[in-house]
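Shared between the two complexes below is subunit A, which has subunit B as its partner in the first and subunit C in the second.
Showing the complex of A and B:
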C-alpha cells in the first residue's frame, strides 16, 4: 500500500526534520505538549514579573515605582497573560502529553491542526506583550475589557482584540482535537466510564471551551466595531448598553473559570489515588459532579455583576444557582479525602502539592461562597477580598495542580525521577509563602481596600507589606521549579515504566520516557545528544526571556527616550482620555502667505479627519525662497469662528518668530486636540495660518 | 509512512500550520495598522490574506490527496465527523453572541432607555420601540422590509438546501450527473443569494439610510446578516471545491465525508438564515 502512494505524496518520505524546523512543523502530540509547556513557562515568567512589580508598588502606600497608568497596564496584562498564556496552555500541555497515552491512542485525532493550535499562541503572546511598547501602552482597563473604558484606548486595544481572536481560534481547534481524540480514539474496551478522570475532565473542559470561546470572540468583535466602525452595541445613545457587554463577557467568563479548574480536578484525581495506593473513591460521582459543574457554569454568570444593577429576582436566582455549585464541588473534595482515608499514604512532592490543593482550593471555594451572597458581595465587590478569592482558586488551585501534575508525570516525559529534595524545598517555600501572600488580602478586602489601585490609605499598609514579602518569596521560589525541571530533563535516577508503584493507568504501561516515535512513524533525531542540545537551548531561551523580562522596565524607558514616544503623548493622553469615537470632524488646513515671492508656506495637502478629543499632529512647511535671511511670524485663524474655542493647541509655531537662512526649509508641527465640546453639527472646520514677514527685509 | 496496519493515519510534519500562523499574524497586524491609518496596514493585511489562502489551498489539497490515496480509514472518517460537528457547534455559539445582543437590545436596553428614570433624566421624549436608532443618534432610516429581497433570499437558501440533498442522493446511488447538477444548482443559488444581499446592502445604505451606525438596529442588522453573508460566501467556496472534486471524479458512494461536511455546514447556514429572517427582518 505504501509503495504505490509514493508518487502522489513525495514529500512524506524525507527524513524527519531536525532542529528548529522539527518544532515548527511537528505533528507529534508529545512535541506539541512540550511546546505548550515551555510557552506556558515563558509566559509565567513574564506574567510573574508583572506580579512582582505590582507587589513592589504596593509594598508601601504612595507611588513608588510605576505611574498609575502603568500599574493599570500591569494588572490587566498580568491577568490576561496568566489566564490565556499560562494556565490554559499548561493544561493543554498535559492534555497533549497525557490524553493519547492514557486512552491508548497513537496520537491526537488531527495532528496537523494540533500543531496550528499551538503555533497560533505565540502570535497572540507577541501581540499581548508587544502592546506594552505601543504608544499609549497596553490595555489598562482590567482583563475583563469593560466598555466604555475600553472604547477610549489607543492602538494596543485593537491589537489585543485580535490577539483574543487568535487565542480563541487556537483554543477552539485544540478543544475540537481533544474532544474528538477522546470520543473516537480510545483503545478497544475503554468505555467512557472506564476512562481516567483526567480524560473525563478534559472532555468536559473541551466542551466548555468550544461553547464559550466563540461567545468571547463575538463580544470582542462588538468592541472592535464599536471602537472603529460606528456601531452602538455598548452605547446607550444608540440604544445599546455597556452592561450588555458584561452579560456577554461573563457568559463566556464564568465557564472560563471552570475551564481553568476542571483539568486541575482531573490531575488531582490522578495523583491522590497513586500516593494513597487506593482506587479513586466514587469515580462515577466524580464524573457526574464534573458534568454538573460544567452545566451550572452556564447559568451563574450574573454573580459577577451583582452591583451593576439587575432585578432582585435575578440576583436571588444567580445567588442560589451559584451556591448550588458548592454541592458537586463538595462531592469532589469529599471523594479526595475519602480516597486518602485509610490509604497507605506517602508524601512525594506531587502528593504534597495535591494535598495542598485540596486544602487551599477549598479555602478559595469557601470565599467564593461568601462572595456569591448578594448582600455580602455588594460590600466586597472589587475589593481585595475578590483578589484573595480568585488567587486562592487559581494559584493554590489551578497552578498547584499543574505543579502536582508536573512532579507526577515528569518521569514519564523525561525518563528520570524528579529530585525530591529540591521538589520539597519548592513545595514548602511555595505553600507557606503563597498563604503569606494571599491570606492577608482577605483582611484587606474586608477592611475595604479596592483592587486595581496603585496607592492606598495608610491603614492598609501592614497587610500589604506582609503580602508583598510573601509575594517576593513565592516568586523567587518558582526558580526552584525551573531547576527541578531542568535537572530532570538533563539526568537523574532512571525512571521505570511504572514510575510510581501505586500508579494505575495505561500511561504507566509504556516505557519512561514515552517513546517519541509513534508506531509506524520513523523519527530520526531523538538521541541523548539531541536531547541535551535541546535542553541547553531551552535553558538559554528561558534565561534570555528572564533577562528580557527583568530589563523590561528600564528598556521601556530607554525606548521611550530614544523615540520620544509616550512622553508627550502620555501627558496629553492622561488629560484627554475622553475621545469621542462616535463622530469625526474634518479639518481643512490652509496656509496663506503675504509675500509669495520671498516665502513658500504650505499646508498638508489633505484635510485630516479627527475624533473630538483625539490628539492630532499636522505639519506645515516653510521655505525661504530668497538669497537673504528672513524673519517672519504666523497667525492662526479659524472658520467657523465658534470652532476656535474648541481648538486646544499643545504645540504650535504660531506667534513665534521664525528665522530662516537663505533657501532654508523647515517643518512646522502643530499638535492639537479638538475638544469634545465642539458642536455635533460642526462637521468641517478650517484651520488656517497666515504668514507674514517681520521688520525690514535685511 | 505513517499508517499502522489497520491503524490510524498520522500525517508527517507539515509546514502549513506555520504558514497559517504567520498569515494570521500579518493579517491581524495589518488590520490594526489599517484601522489607525498607519503605513503598511493594507499591504500586511493583503499579505496575510494571500498567505491564508495559500495555506488553505495547500493544506486542504494535501488532505484531499491523502483521502484519494485511501489513507483515511473508517476511524479517520469518524474523527472528521466529530470534528466537523464540534466546529459547527462553535459556529452556533458565535452567532448566539450576536443574537444575544439583538434580544438584549430589543427586550432590555431599549425599553429601559424609554422608561422610568432614564426617560425623565437623560433622554426626555425618547419613545423607544423597535426598530430604533436609540435616543442619542440622529439618523433617520427605514427598516428593511422582510417581503422583498429577504423573502426571496429565504426561498433561494431553502431551495439550495433541497438541491444539495438531491445531489447527495445522486452521489449515494452513483448517479454522477445528478450529483454534479445538484451541486452546480446549489452553488448558483448561493451566489444569487449573495448577489441579492450585496444589492440589499447597497439599497440600505443609499435609499433607506440604514447604516452600521444607525443605532442598535443598524448594528445588529449588519452584524448578523454580515456574518451570515460571510458564512454563505465560505460555504459557496466550499461547495465550489466539492463541485470541482466531483467533476474530477472524486467521492465514492460509501466514502464522501467532505461532501457531507460541506452539506452539514450549508444546512447550518440555512438554519441561521431562517432565524435571521424571523428575528431580524420579520418580527
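Showing the complex of A and C:
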C-alpha cells in the first residue's frame, strides 16, 4: 500500500513562513489540528479553574469566596467555555489531524477556509472570557440563556451573543470542510461502509452541526433583537412566549449533546479494537446505531423542559422518544464489550481511558434513563442529579474519549511513544477522583439540592465536601496530562509507523510523525469543482436551517393553536351554544399585573359558576394610578391546559392596547362561552390575565 | 412496588432516608403524598433494572479484562458480526423500556390531572420571594426567606433550617387536593417541594397549574429550582400541612389579622414615630427586602447594584427617595415596592436607609409616604 503514497500537492517547502506568521497563515490540516488542540487546552485551563472556584465555594455552607452574582457568572461561563471552547474544538482537532490521514486525503477539501474556521475561535474566546472584565461582569443566566432572565444583563450579554455567532460560524465552516473532505476525497476503494468508524461519527456530527448551529444562531439573534430592537419573540407582553425560546434552544441543544459525544464513540471504536487485537464486533450495526442516535436527537428536545407545563401527551411523546435512544446507545456498549470478549487485551493508557469510558459513560446513560421518566424528572429537573448526569456523559464520556484519543494518536503526531508510567498515574488519579467528584452529586440531587446555587442547606454539606475534595484532586491530576504531552513532543522513544501492535488503518501506514508535507493518494475523478458543489449544498442546508430557526416561531404558534396550549386558540366563535344545564363549571378569575405601582388591575372578587354552552360576561377593572397617560396590554392564559381549547371568547380585551388618561378607571368586559366539549370531570377552570405596562418599554 | 419501598426504607439506616436530619442522604426524601410515593417507586424500579443490566454487562466485560488479556497468553479470536446476538441485544432492551414506561405513563396522567381541587392557591414568583394568594378565601401574603444575613456571611452559627426557612409559610389542610396556580412577576422560577412530589415552572404572563394532596401533617421544605438571578439560592418554600380544624383556625386568624392590620395601618399611617422606632423596624424590613441587592452593609455591588451608603438619594431630599422606593426605577432591577409594603414599613425602611451607614438624610413618616402614593 505504501507504494501508492506520493506527494499529490505542491509542497510548502519553498519559502515556508516561520514563527508566528506560520501559525497565522497555515493551511496545513496538521498545523490547524494542533492549533485547535492548544486552543481547547487553554480554554480547558480557564474553564477548569472556574470549576475549581465553584467547588471551593461549595466546599461548605455559607458564602466564603464569591458573591452569588459572581458564582452565577462562574457556572454560566464554565458551561459555555467547556462546551464551545473545549470539547467541540478538541474533537475538531482530532478531525483535522486524523480524517485526512484515515481516508488517505492529501489535506482538507478547503485548506484556506480551514484556517479561517480556526482563527475565528480565539476571537470568540477573547470576547467570551473578556466579558468577565466588563462592568457588571459576564453573563450569569446559565449557559442555556433563558429569557426573561437573559434580558436583565448588561453589555456582556450582547457580547456573548456575538461570541456565540462567531463560534457558530466557525463550527459550520469547519463542518462543511470535514463533510466535503469525507464525501469527496476518500482513497480509491474506500467506500462509505469501509471508512473507519471515527470518520463515520465525524461525518454524522458534521451534518448535525450544519443542521443545528444555525438554529442556535437564530435563537440568539432573536434574543439580541428582543434585548436591543424592541421585538417580542420571547416577551409575553408583546404576545411572545419565553417558553418558545426553550423550544428553539433545545431543538439545537439536544443534537448538540450528540455533537459532543458521537466523535467520542468514534475514538473509542478505534482504540478498543487496537488493544483487543481484534476487529470491531459489529461495524455495520455501529454505523446504523450512530445514524439512528443522530436522527432521534432531533425528536426529543422536550425532555429538557418537562416542568414548563406542557400537555400530558407531549410529555409522554418526549418520554417515549427519549427512551428509544437507549436502544442504539445500548447496541454501542454491547459492541465494545463484545469486541473485548476473547481478544488479546493489553492496557496501555489509551485503552485504560477507553475502558473507563465504556463503564462510566454507561452510568451517565443510566442516569439519563432515570431522567427520561417524566414523573421522576419532575423531582430531579434542575437538581444536582442532572449535574451528575451530564458530567458523567461529558467528563467521563467526551473528555475521557479525548484523553484516550490523545494517548492513542500522540505517537503519530509527535513521532514519540507516550510515557506510559506518567500516563497511568494520570489515568488512575483521574478515574478515581472523577467518581469522588461526581458520584455524590446523584445523592445530593435526590436529597433535594437544586443546581446553580452558591449556598445550600446544612444537610447537603457532607457530600458537597466530598465532591469538592474529589474535584480538587481531579483538577490537579490534569497537570500530569500536560506533562505527558510536553514530554511526548520534546522527545522519548521513537515511534514506528504502526505505533501500536494491533493498530489497523491508513494512518498507521504513514511514518510517525506524519510528515508535515501533504501526502495522499492520487484522487480519482474528484476535483475542486466537485468539492465546491458539495460545499454549496451544505451552505444551502445551513442557511435553510437558520431560516428554520425563525420559522419555529410561527410553527410554535400553529402548534399552540392546534393543541389549545396558549391563548390565541380561544378567539374562535363558539359553534354550539346549546346550554348543558346538567352541570356547572366554576371559573376562577385571576388578574396579575407586572407594574403594580402604575396600574391597578383587578379581577371580579368571586368565581363564577357557569353551565357549559352558556354565554357569560365578566368584568375586569383597570386603573391608571399615575399622573401621566399610560399604555398597557393584557394577555390571557388558562389552567388546566386542556381547558384552553374550550374557552370561546366572543369579546375580549386581550392583546388590545389600553390607553388610559391619568387616574382614569375603566371596566374591561370579557364575553365568553365554555363550550360543551369540556371534559365532565373538569369542575374548576382558571382564566388569568396578566397586564403589562408598555409605556416604559418603548 | 410499595413493598420494595418498605424494604428499602427498612434496609437503610434511618438517617439515610429521614429528610430533616438527612446528612449523607442517598435517596429521595420519604414521600408525603401519593404522587411522591409513586415517583419514589418508579425511581426504585428503574434504579434496580439499571443496576441489573450494569452488573450483567460489566461482569462480562471484567471477565474479559481478566481472562482475555495478552499477558496471560490469551490469543485473539477474530470473530465479528453475529446477527442473532445483535437482534437479541436490540430487542431485549426495547422490551425492558416498554416495561418501565408503563407505570411512568400512568403517573404522568395522574400528575397532570388538576380537576376537582378542594382549594386553589395562586403562587407568584418574584425575584426573590413567593406570594401566596388563597383565591377563595381572600388571604394573600408574601413569603420571604428568614435566614439572617449573618448566617449566610458565616458571622453567626447556622440554624437547623438554614436557607430553608421563611417568615410566613404556606399552610394547607391535610388530605385535601390543593391546586397550585403558578405564575411569575419577573423571570422564570420553579416551585418545588420534593416530599409532596410537585415541581412546576412559574412563567411570567402565563398561568400553569399542578396539584398535590399531602397525606401527613408536618412541615415540608423546598426551594426555587430554576435559576432566577443572584437570589436564586435564597427563596425557599415552606409548606405547613395542618389538620382541617387547625387550617380553618389559621385561615380565620389570617383573615382577622388582615383586618386588624388594615385598621392598625390606618391608625399608624397618621401616627408620628420617633426616628429610633423607625430605624429599629426599618433594619428588619431592609434585611428582608433590600439587602439581597444593596447588601447588609449598604455598599451594594459595584457595577451591578448601587450602594446606598453615602449615596445621593439617601442623603438628598426625602421626596426623591420615597418616589424611588415606591415606584421603582425603569430599566433596572429596582422594583416598585408600593404594593409590597405598607406605609409604615416603607417609612421605616426609607428612614433606615437615610440614617444608617453614616448617611445624614432626614427621617420619613408614614404620612409622607402616603402623600406620594399615586
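Keep this in mind: the second predicted complex is superposed on the first by the 504 of 698 C-alpha atoms of A that agree within 3 Å, B and C clash if a C-alpha of one lies under 4 Å from a C-alpha of the other, contacts with A are read in each partner's own complex, and residues count from 1 in each chain.
One rule holds for everything that comes next: contacts are C-beta pairs under 8 Å (C-beta built on N, C-alpha and C of every residue); 3 or more make two chains touch, one makes a residue touch a chain.
On a predicted model such as this, the values are computed, not experimentally measured, just so you know.
Colleague: Which partner does A:225 reach: the first (subunit B), the second (subunit C), both, or neither?
Modeller: First partner only.
Colleague: Kindly classify A:588 by the partners it touches after superposition: subunit B alone (first), subunit C alone (second), both, or neither?
Modeller: second
Colleague: Looking at the overlay, does A:87 come into contact with subunit B only (first), subunit C only (second), both, or neither?
Modeller: In the superposition, A:87 touches no partner, neither subunit B nor subunit C.
Colleague: After the superposition on A, what does A:128 contact: first (subunit B), second (subunit C), both or neither?
Modeller: In the superposition, A:128 contacts neither subunit B nor subunit C.
Colleague: Is subunit A touched at more residues by subunit B or by subunit C?
Modeller: When the residues of subunit A touched by each partner are counted, C comes out ahead.
Colleague: Who does A:237 touch here: subunit B (first), subunit C (second), both, or neither?
Modeller: In the superposition, A:237 contacts both subunit B and subunit C.
Colleague: Would you check which partner chain A:640 touches, where first means subunit B only, second means subunit C only, and both and neither mean what they say?
Modeller: In the superposition, A:640 touches subunit C alone.
Colleague: Looking at A:52, would you say it contacts subunit B, subunit C, both, or neither? Reply first, second, both or neither.
Modeller: It touches nothing on subunit B or subunit C.
Colleague: Tell me the contact category for A:213 with respect to subunit B and subunit C: first, second, both or neither.
Modeller: A:213: touches subunit B, not subunit C.
Colleague: Of all the subunit A residues, which ones make contact with subunit B and with subunit C?
Modeller: Dual-contact residues (subunit A): 236-237, 241, 243.
Colleague: Within their complex, state which residues of subunit C touch subunit A.
Modeller: Residue positions touching the partner: 19-29, 35-36, 38-39, 42-43, 46-47, 50, 53-54, 57-58, 60-61, 64-65, 68-71, 74-82, 85-86, 89-90, 93-94, 97, 100-101, 104-105, 107-109, 111-112, 114-117, 120, 122, 124, 135-136, 138, 151-154, 158, 160-164, 179, 181-183, 185-188, 190, 192, 194, 197-201, 203-210, 221-234, 301, 303-304, 326-328, 330-331, 333, 336, 338-340, 374.
Colleague: Okay, in this complex, where on subunit A does subunit C touch?
Modeller: For this pair, the touching residues of subunit A are 61-64, 67-69, 72, 135-137, 140-142, 146, 148-149, 152, 236-237, 241-243, 276-285, 307-309, 311-312, 315-316, 319-320, 323-324, 326-327, 330-331, 333-334, 337-347, 355, 358-359, 362-363, 366, 369-370, 373-376, 378-379, 381-383, 443, 446-448, 450-459, 461-463, 502, 566, 588, 590, 592, 594-598, 605, 607, 625-627, 635, 637-641, 679, 681-684, 686, 688, 690, 692, 696.
Colleague: Going by the contact rule set out above, which residues of subunit A touch subunit B in the complex?
Modeller: Those residues of subunit A that touch subunit B are 1-2, 5, 8-9, 11-13, 16-17, 22, 24-27, 105-107, 109-113, 115-116, 119-120, 122-123, 126-127, 154-155, 158-159, 162-163, 165-166, 169, 172, 175-177, 179-180, 183-185, 210-215, 217-219, 221-222, 225, 228-233, 235-241, 243-244, 247-248, 251, 518-521, 680.
Colleague: Mind pulling up the subunit B residues that touch subunit A in the complex?
Modeller: 1-5, 7-8, 10-18, 20-22, 24-25, 28-29, 31-32, 35-36, 38, 59, 65-66, 68-71, 75, 78-79, 82-83, 86-87, 89-91, 93-98, 100-101, 104-105, 108-110, 112-113, 122, 132-138, 211-213, 215-220, 222-223
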